[in-house]
Amino acid sequence: MLYLQLLIDGVVSGCAIGIVSISFSYFYATTGIFHVAHAGIYTLSGYLAWWMVGLGTPFAAALALAILAAVVVGYLTQRLLYRPLEESGATPLVLMIASIGLLTVLQNVVAILFSPNIVQFDLPWRLSHTAIGPIALSLPQAILGVLSLLLFAGLVLFSHHTAAGKRIRAVASNRELAEITRLDPKRVFAQVLAISSGIVAVPGVLVGVDQALQPYTSLLVLLTAVVAMIAGGIGSLTGAFGMSIVLAVIQSLSVAVMPGRWSVAAVFGTFILFILLRPEGLIRSRFSRAI
Amino acid sequence: MNYFLSFVILAEIFSILAVSTNLLMGIIGIFSVAQAAIMGVGAYTTAILMMAGTPFPLAMLAAVAVCAAINVLSSLPALRLAGDYFIITSFGTQLVATAVFINWQDLTGGASGLSGIPVVEIAGAGFPTAREFIVLSSLCLILVAAGFWLLMRSPYGRLLHAIRENEVAVVAAGRRVLRAKVGVSAVSGACAGIAGALYATYISFIDPMSFDIHVSVLVVTMLVVGGARTLAGSIIGPFLLMAIAQLLAVVDIPSTIVGPARQLIYGVILIAFMLWRPQGIAGKRL
Amino acid sequence: MTNLTVSNVTKRFGGIVALNDCSFSIDPRRTTCVVGPNGAGKTSIFNVITGFITPETGTVAFQGRDITRANRHERVRQGIARTFQNLKLFEDLSALDNVLVCLKDEAGNDPLTAMFRPFHTAAVLRRKKAEAAALLVQVGLGHKTDALAGSLSYGQKKLLCIARVLATGAELVLLDEPTSGLAAGALDTMVEMIHALKRQGKTLLIVEHNTQIVQRIADEVLFFHRGHLMAQGTPDAIIADEELGRIYFGKGEVH
Amino acid sequence: MLKSAGRALAALLVSCSPALAQPKEILLGALLPLTGPAASIGIEEQQGVQFAIDQANAAGGIAGRPVRVRFDDSQGKPDQAVLAFNRMIDLDNVPVLITAFSSVSLAIAPLATRREVLVVNPAAQTDKLETASPFLINTIPMVRHEASVLARFAIDKIGKRTAIIYENAAAGIDGRNDFRKYFEQVGGTVIAEEPVEFGQTNYRSTLLKIANAKPDFVYIAITQSHETMADQVGQIANFPVSIGNTFSRPFFGHASTNGWYQTAIQSGYPDAGTLAAFKKQFGTADMGFFAREYFNATNIVLEAAKSVLASGGTLSGPSLKAAVLSIKTFDSPIASITFETNTALRPVEILQYRGAERALVETARPAQ
């Protein structure tokens, strides 16, 4: 029973990490920019929704507004930060440092505007939970799981079956060619970052509703998501989402057999060893962009 | 007087750490947010050995050796292939190191840290307070700076510069690129080890939070502000940023937001320099 | 007494056969030009000889030693060095340093010596600077030692590449299109340079498009087409061959 | 900025000529985490100190001299604390320093010994502080004192088999080590223990694992996000009753934590007039635990200063320390404190959450 419950909890947190992973992967595979500040947008959207709920906004509206805000911040990030940098011929290292700067800014804007402390949503329903047989699932967990699956399916459909999605994939696969064929990569990049940011706002808010909000821990979530992305094959949304769930389940179950304090070290330590011994990656797609 | 001296000592220690970061990021061009962790390894090594009775010079030497080895290991993936994987291994190294500092309690004292690290004594001369310690830290900085300068002007330094410019051409000239990079990485680790040994003995108390990711990012900020790829940049950056922090301690801001505000300023500085002055104050373009 | 022997080398990239069962050998102190239309496998054979790609089958031997799987730096040490079509200069380094970095002598190339034996290193540096400067004089760039490589003219850059390859001390020198893109004056200088290298006793392997130049410099010609070595012979014989002439200048070779 | 530069210059001059006349005002230092993650506590502590100083001045100062306090920010970081310590000793020449935070106090302890400055710690509880420096006075009992009381109570009233959840940080680790030691000493067994990270918000797998071990009760030593843990406990059917320490107060008030216990260091309120004055001065609804403790600790320092001056001595680290140890007992409505050693002995209370109240179950005096 313990294992079953741990498994389910792992799947739900895996869904949240999976959404972070696919949204990061979508932008990264398209642009090659290691967008660390994605974690900052995750944090920002959670606190925005919390603040609006505190003002009496209905939760659904607060979630929608938080997503909208994330879209705007994502779009502006590409327009005002990455694009000027790329135009000035910045190396990926410079882009990366700028992104770390932006992450720091976003986290601390949150701490200054809202609260540097751990906060919880003032929503009575967040404590209600259902028991399906021996398994207990809180309402926010259930919503998080369902929405994540929908978002994942939605992004896959969008990417493969819409004109806009195909255009993005065309730019991702060959930037120079896209430029020649008037696909304007710069516009496409801004669109992609807007979409990715909107998507990452959903777990940003819902994980906060389910547990609590914390201004400074999102980097760890992002790094786990990136590990999942690499293990699942860069550019593959299904791989990233699937590996996120696998990683989260392993982390959740591992608590039952070993002291939880080593789990972070175990995930990253294994990853580093793996990279050292098998740099060509799990799925043999030797991917080496820049830096 | 001690205040001024202790400011200089800490700035010097961070300058040594900035040189370490500079060697990786500026000279061979690989990203690193794990230099604080490497410095932490040096600090713990020194502290543990000295608390077991080892004299300071030996303990520092051990720290230098251990840090050089660990830095080479942790940067090996990046040296072997120029891929983005290394961003993750760099963050990963930092996270794993912090986890080890916290969890390997028998050795590191865990989250409560190690206190009562003995005062440095070399050949009967003690360095108990800032007045004496500044001699030691300045000497170390001078040695590190001289090492960096000698390195950069030697044939080896020119080789490194060439590798940064065009790795394939260096290979075609019959040079062993990996070996050259491993050499820099080892020197970088050694510098971090020196910084760690000084930090541990000067503060005489270390805990995992002293070497966490925020410190690593701070060092990157210092380097970017001072300017990468030059010696002057690695020294200007730490002194300047620490001076700004000291001034902020005096300026009147509501104290609940001072902490975040300080971090916010660092973030803005990073972005601004990348956008408008990627070469920093006294460096060259990254 | 052959210097370089390539036997039955085959290399594929995906479905494309870059080199198909190529065999030839080159005698010391001879100048051999590699010709053929674009995509014929000229650069691939350079890459196989210098170790930038490993063939699927076949062997490469230099001075009787099998070097098919030797590291790239091993090969340079044994005396094979190359230039690149797109030069790959260290644009931000001075002309002098461009050469200095390529000098065969490994002295001063490790961090410990550099930091702990400063006087020794300074002496090594002085010596290497003198050597590099001499090489620059040799290629006619004696007046440009301190100029940044990026600031040189295209012709000077190509000469700098020759100086770099000489610095390695290699006996077998592979030049990838040394004359392409050069104006008449610079072109003559380069041809003169190649003759000077011959006089020095270097074995040269040169990718060259211009048949007139081939005739001026080559002792022997290798003709490649679609990964095959079609012919090996004297320049006059190859150029006289109508079949090869049709392939080289003929229609339908769009790339 | 200019002012501080001027002060630095002045300090340089002073340090060159130590034989300066004793200043007329009495100056104390307070090194608190005014920024960083512990800032909210630091500010409450600052109010407590400031209030004590203001009260003393309103009553005509100490031995007729006005009292002033110089605050400085440690950010809760050891290296910043060392800088701030030196800033304070060099620029302001303070003989006594009030501090907070375990790592900060441990980092400045050796400096205090070397420079003979009295350091008063009214809040940090890590056991190492007991012996960190002869010039360090703790006005609060250490973690181990609380743990010993709690262990004896638990074995008597709750059960013999426990599981421990602790925060993987200084306070949590001390709590686990000490509780385990004392609980085993009185015949209990620890059947499981799990750490959680500082700032973590997902405790589900940890809680499940602990509940699954079926202990008689759970000892929880965390300092953050108690509310989130309480929520997640609520999702687990039949989670065992739990006990906590002084930090556990936020567990109180949740349906899932009804019936839980915690220890609390006995800390009363000052008289109604003083309390009202505090609330008025800082516009707060309450005088919190840390405000009371720092108010009380500052009063102890001032009382020691008064005694030094009364006997014609000069204010210095050694003289103040000797005064504290010779006065030995400091009684006030807030606490009754005895210094047998550097560390105060104070009563510890056991409280139980019963609906809307935290009921006092018993009061114990920990052994030295």
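Every chain is named by a letter (A, B, C and D) in the order it is written, and numbering of its residues begins at 1.
The rule is simple: a contact is a pair of C-beta atoms (placed from the backbone, for glycine too) under 8 Å apart; a residue touches a chain by one contact, two chains touch by 3 or more.
Because the structure is predicted, anything quoted here is derived from the model rather than measured.
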Chain whose average C-alpha position is farthest from subunit D's own: C
Closest chain to the centre of mass proxy, which here is the mean CA position: B
Pair of chains joined by more contacts [C-beta pairs], B-C or A-D: B-C
Whole-Å separation of chain centres (CA-atom averages), subunit C against subunit D: 75
Geometric centre distance via CA averages, subunit D-subunit A, whole Å: 39
CA centroid of subunit A to CA centroid of subunit C, Å: 49
Centre-to-centre distance between subunit C and subunit B (centres being mean Cα positions), rounded to whole Å: 43
For subunit A, residues contacting two or more additional chains: 116, 261, 264
Multi-partner residues of subunit B (at least 2 other chains): 102-103, 256, 259
Sequence positions of subunit D contacting 2 or more other chains: 37, 39-40, 168
Chain-level touch network, classified as line, ring, star, complete or other: other
Pairs of chains, among all present, that meet the touch criterion: A-B, A-D, B-C, B-D
Residue ranges of subunit B touching subunit D (in the complex, touch as defined): 1-7, 10, 102-103, 105, 110-113, 115-116, 128-130, 199, 202-207, 209-210, 246-247, 249-251, 255-256, 258-259, 262
Complex contact set, residues of subunit A against subunit B: 34, 81, 84-85, 88, 90-98, 100-109, 111-112, 116, 219-220, 223, 226-227, 230, 261-262, 264-265, 268-269, 271-272, 275-276, 279, 286-291
List of subunit D residues in touch with subunit B within their complex: 1, 3-4, 8, 11-12, 15, 34-37, 39-40, 42-43, 46, 72-73, 75, 77-79, 82-84, 86-87, 89-91, 102-103, 106-107, 109-110, 114-115, 126, 128, 132, 168-170, 172-174, 198
Contact set on subunit B toward subunit A in their complex: 25, 29-31, 33, 73-74, 76-77, 80-89, 91-93, 95-96, 99-100, 102-103, 213, 217, 220-221, 224, 256-257, 259-261, 263-264, 266-271, 274-275, 278, 286
Residues of subunit B touching subunit C in the complex: 147, 150-151, 153-159, 161-162, 165-166, 168-176, 180, 183-184, 186-187
